[in-house]
Amino acid sequence: MVGRILQFILYPLVALAIGVFFLGLARKITARIQWRYGPPLVQPVIDMIRLFYQKSVSHGPVFAVGLIMSLAGSIVVVLFLPFGSICPLSGSGGLLVVLYVMLLAPMGIALSGGQGANPNISIGISRKLILALGYEVPFLLVLLTVMTHYNTISIVQVVEAQRDIGWSIASLPLFLSGVSYLLILPAMLGFRPFDVSTAPQEISSGPLVEYGGKYLLMATIEHALLLFIDIALFVNLFLGGAGNPIIFFVKMLIVFVLVLFIHAAFPRLRIEQAIRYLWKWPTALALAGLIIVTIGRS
Amino acid sequence: MIEQLKRELEATFKGVSVTSEADRRITVVVDPLQALALLRFFKDRGFSHLALLSAVDLIDKHAFELVYVLTSYVEDTGEDAVPGELILVVKSMIPRDKPTFKSVISIYPNAEPYEREIHELFGIHFDGHPRLTPLFLERQYPIPPFRKDFDTRRYVEDVFGSIPAIGDEEG
Amino acid sequence: MKPQLILLIAFGGAFLTYIFGKISSKLRDGAAVAISLALVAIFACLYGRPLQESFYWGFLGLNLSLRLDALSWFFAIAIVSLGALSIIFSLRYMRDRERTDFYYSMMLMVNAAMLGIVLSNDLISFYIFWEMMSWCTFLLISYNQHRALDAGMKYIIMSMIGSVAMLAGILSLYVSFDTLLIPQIASSLATASPGYVLFVLVIFGIAFGIKNAIMPLHTWLPDSYAEAPSPFTAVLSGMLTRMGVYGLLLITYVIGGMIGGTGLGSNVSKFNYVLAWLGALTIVVPTFIAMLQNDAKQLLAWHGIGQGGYMVLGIGFGVATANSLALAGGIFHTLNHAIYIVLLFMSVAAVQYRTGGVRDLNSLGGLVARMPVAFVGALLGISGLIGLPLTNGFVSKWMIYKALIIEGHPFLAFAALIGTWGTILSVYKFLHNMYLGQLPEKYKHLEKSPFSMQLPIAVLSSAVVLFGILPGIPLRVINKICTWLGFSSLDVTIWGFTSETGTLNTINLLAAIVVVSAVVWVLFHRAAKSVVVAQDDNYAAGAYVPRDKYHYTAGFYEPLFTMLRPYLRDVVDEFYTALAGAVRKSCGAVRRIYTGDVGNYVTYIILFLASLILVQLRWRPW
Amino acid sequence: MDRNQIAKWFKEPSKMANKYSLHAIYFCTGCGIIEVPPVITARWDAERFGVIPVATPRQANLFLITGYVSVKTLKAIIRTYEQMYEPKYTVAFGSCPINGGMYWDSYNTIKHLDKYIPIDGWIAGCMPRPEAIFVAVTHLWTLIDKGMANGYERYKKYYRAYRRNQELALGKLEWPPLYPIGEHTEGGECD
């Protein structure tokens, strides 16, 4: 019992540490690609401590409640995802519950931004939701393929199934959906080719315009957890989700660095171009995977 | 080309002096009453582009000199003229103590911001101008700043100098 | 307590309120509220006891009978409670309107008619109450005259088509089995030929499809929801349109014999597959059309159609593959949808009441500061509509998805999931344009909504959260309905389902979310204080932008619309209007025959007789 | 990071964090803006010092005023400064904000920027080079360490005087005052 409670407390902290490490790594690698030294790896931690002590502006109760709801949603999703052998809430909800709890994060930021009453925020949120609709089409197809292929909706069982028949990215239909998932990963993480919703130059960082000290702190923590969630989900569903956490972390690192190179090299797309891209190649691949799986199953 | 233009001008306007200091540049000095008619005359000749409207404060002659710089895009300003190369400068003097002039917006619509700027900085009133409101300056000035009798140093001293530094006046 | 006594109270109450209205408005309001609350009390204490009442009136030699069992109790309690809440809501809403006596008596009449449908045990009384419901709805929809009249006309034409189809079905059943009692029909249908069963399914399917606004038959719904008075729209969208779902469940009971006996007849399951696919189509297209709407009630109306698709998908798929989880999901979604759509329409009505009837999304904004209770109601309403965890929508959607995926129909599940995302986008636009964003100058001094409006909103918001956290309460009743319909019962517990292919445990979810948000709130509170600033102290690149200089919520999803607009024209509606135009033109042509002078009529008769003789000589048909 | 640095982190984390994470917002006033791009890009990378440009004053705690300040720009600078929240620092580039620089006798520029908003750091030079900017950042660190970079406290303490000076230079300001000052009392300290 004590072990389980410890899991409940330590697991989100580990996830946050990995997320923050990824943020620091992102800034360091992007700097290195641009021929400059870049900040120390712990710079995000320093930024967060500074934001913790910085005063800030609030526009009303919903401004804070929305942000708290979005951060709580992200942490709860982390509890559902298996990380190596640890999975605190595996018994009470499978992939469908994860899918729906993941809705809390964008809805929370949209709600709190809504009360910020600033045109930039409103444009940022509408772009964020349109982009979300864009990558949800292939994302849902990918999840459905995995669920029908293993005939279960619980991630833990998907991981166990992969232990004996090898990584699911190796089998043909799931290879297509794995590639499709990788193609939409920058959009889900809000990285460069698709960071239309928080574009500093165009709409002065979208929903984050009115966020000051502690609000910006919550937004960065939520972004760090988002990094962890999306990549951990990919590793669990497609790369077998290893036995012990170390191998799991290495797999996550590889996937993250892959996405990071795209982030560092590509300029930002317009929202229409992003949607057209997201609904073309990733959706085609995911659809092909799903059709193969349904034919194979019936 | 210049002689032919000079002859035409002297025929239609009296008291007009046409000189040409440099190649392809003609200066026409006219008294304020005939200035508008002259500008209309040049506009019909094809000088459809009012490049610049500026004023010069000749304080020793107690006069403002309004300078209109015109160029043209069309061919027929003379047999060998290349579009836009011939620059025409029309000058006219107005008395310094009664600085008013007629607005040329009816001839050259793009003169509107120029006239607002000159009104703001020189205090020359253009009657017939739709809205002579301030264009650049944030504050009100006793004497329009570009006039020669406006002593900027004294103005800066008693406006910005008078603003006390923070903290020291409380001791 | 016999069922026909209940009906007597309901109908009697309607007339009584009309008469009291003549005396004094306060008396009428009190009477209306008292009667609706009495009905709620009656059904509350009728929970466990099924009532059987065979003969209550000899009508053309047929005995009409009523009954109360698990299915009808489930719908009845929903009808009366939502009816009571909307009556309480409309006390203040309709106070200074004209013809309020007519309004209150009609509202009670509609509730009584719905009770009649749900209690009736034979097809004739079912048909009578169905017609009565349709006509009362027509009268209430066209309450606001001018534009509402043609919305009502469109509604009544389509529902008359449905009831005529139902009448044909009833007559054919009577002719083939010469009985109209539903249990007897069920048993005799078991032996009928599959072709005939399919015919009965199609005929009744059309009638109930029109009422439940399944995709091709949905065009009456947006206009009638938008034009009806808001408290009535709440009832209309909550329970009245779901009588179609009750009808579908009735059909599954009538052909129940088929499921138990020879297993699912091939064409019966084929029909239900078609129904499931229609449901999936009804989820996706209206939800995306809802995004284009700029009128709050139109937007919610299109969501009414979309959510109807979930119910039909759940029930159709459940019957097609004898999967009780999908069927239970469909029924549970009917109840959930009734709760949160009524909540949303009430919050729109509260805003309308305060802003003098404004419901255009582009001219509202920032009302959260002025009407917090209506905002909380709208927020919980939309989270139920989306299906955020800890709300009731989530549990029923989860049941439907799980059944679809485990049975191996990912494309149906995909349509439903994309419906959810379409709902998120359009519903956030609804909440953002109405409650968040900048408060326009003219609403600066808007007072809160009155208590009589806040009470129903509060009750329904708590219902949304309660059924989300403890779904076991309604699921126990739904489980009884499934077993009564002949399906296998579900292992339902108070907080969800346990099964090897994936469990749902709402209590753990609740505990996790509460604990985590508490921790996050503590972290948030310990950080440096934040200063609450006025609305115009906003970042505008160094410039000061006074309050009403710009309003930015117009065209909220413009980039998406430019891509989707050509595909989202309401083609079905255009087809119907074109059809109506063609019919009107052809009738115009036929009218010219009646020239008005007798000579022509005589020549017509002679010509007709001549053609008859010719046919007789030539082919001898007789 | 030597031994006492880490100890200092635990003693006063807010001061240390403020030092090594300066999110700068720079207002493109005057000629100094040409100096900022090389500072934040590859050649002289400011991110090594933890200084990154951000989009809005809400997220920033360092305000760079690059170059001369005309009367019209002063209105935007005051608005931006008031939208930032404690702890916040301002650094002025070049000699123009110090005493007017080469525009010392112009009727349209602000001479001593210090009279309108508190300035924590000055960089002399008629457009300082990027190295001078980094020297300024390191000096700002020492100021923060010693607690002398308290421009925002001065602003709060003498807000009535600042507000009066601003209205002397710009005429009536449209937005309400940041801190409550009684309209009737003249000069002096505000609570």
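Worth pointing out:
Order of writing sets the chain letters: A, B, C and D. Residues in each chain are counted from 1.
Note that contacts are C-beta pairs under 8 Å (C-beta built on N, C-alpha and C of every residue); 3 or more make two chains touch, one makes a residue touch a chain.
These numbers were taken from a predicted model, which means no experiment stands behind them.
Taken together, subunit A and subunit B share the touching chains D. More contacting C-beta pairs link the chains of A-C than the other of the two pairs A-C and B-D.
Closest to the middle of the protein, by Cα centroid, lies chain A.
Most remote chain with respect to subunit B, judged by CA-atom centres, is C.
Measuring from the averaged C-alpha position of subunit A to that of subunit D gives a distance of 37 Å. Rounded to whole angstrom units, the spacing between the C-alpha centres of subunit B and subunit D is 41. One finds 60 Å separating the Cα centroids of subunit C and subunit D. Multi-chain contact residues of subunit A (touching two or more other chains) are listed as 52-57, 204, 209-210, 212-213.
Listed for subunit D are residues 56, 58, 75, 83, 85, each touching two or more other chains. Among the residues of subunit B, none is found touching two or more other chains.
Listed by label, the pairs of touching chains are A-C, A-D, B-D, C-D.
Residues 27, 31, 34-39, 43, 46-47, 49-50, 52-57, 200-201, 204-205, 208-213, 216 of subunit A touch subunit D in their complex.
Of all residues in subunit C, only 366, 368-369, 375, 379, 383, 386-389, 394, 397-398, 401-402, 405-406, 408, 410-411, 413-414, 417-418, 420-422, 424-425, 428, 431-432, 435-439, 496, 501-505, 507-509, 512-513, 516-517, 520-521, 524, 527-533, 535, 537-541, 550, 552-553, 556-560, 562-563 touch subunit A in the complex they form.
Against subunit D, the residues of subunit B that register as touching in their complex are 136-139, 141, 145, 150, 152-153, 155-156, 159-160, 162-167, 169-170. On subunit C, the positions that touch subunit D within their shared complex are 531, 534, 536-537, 539, 541-544, 546. Residues 12, 51-60, 62, 64, 67-69, 71-73, 75-76, 79, 89, 91-97, 99-101, 103-104, 106-107, 110-111, 114-120, 122-123, 125-127, 129-130, 132-133, 136-137, 140-141, 144-145, 147-148, 151-154, 157, 204, 209-210, 212-215, 217-218, 271-272, 275-276, 290, 293-294, 297-298 of subunit A touch subunit C in their complex.
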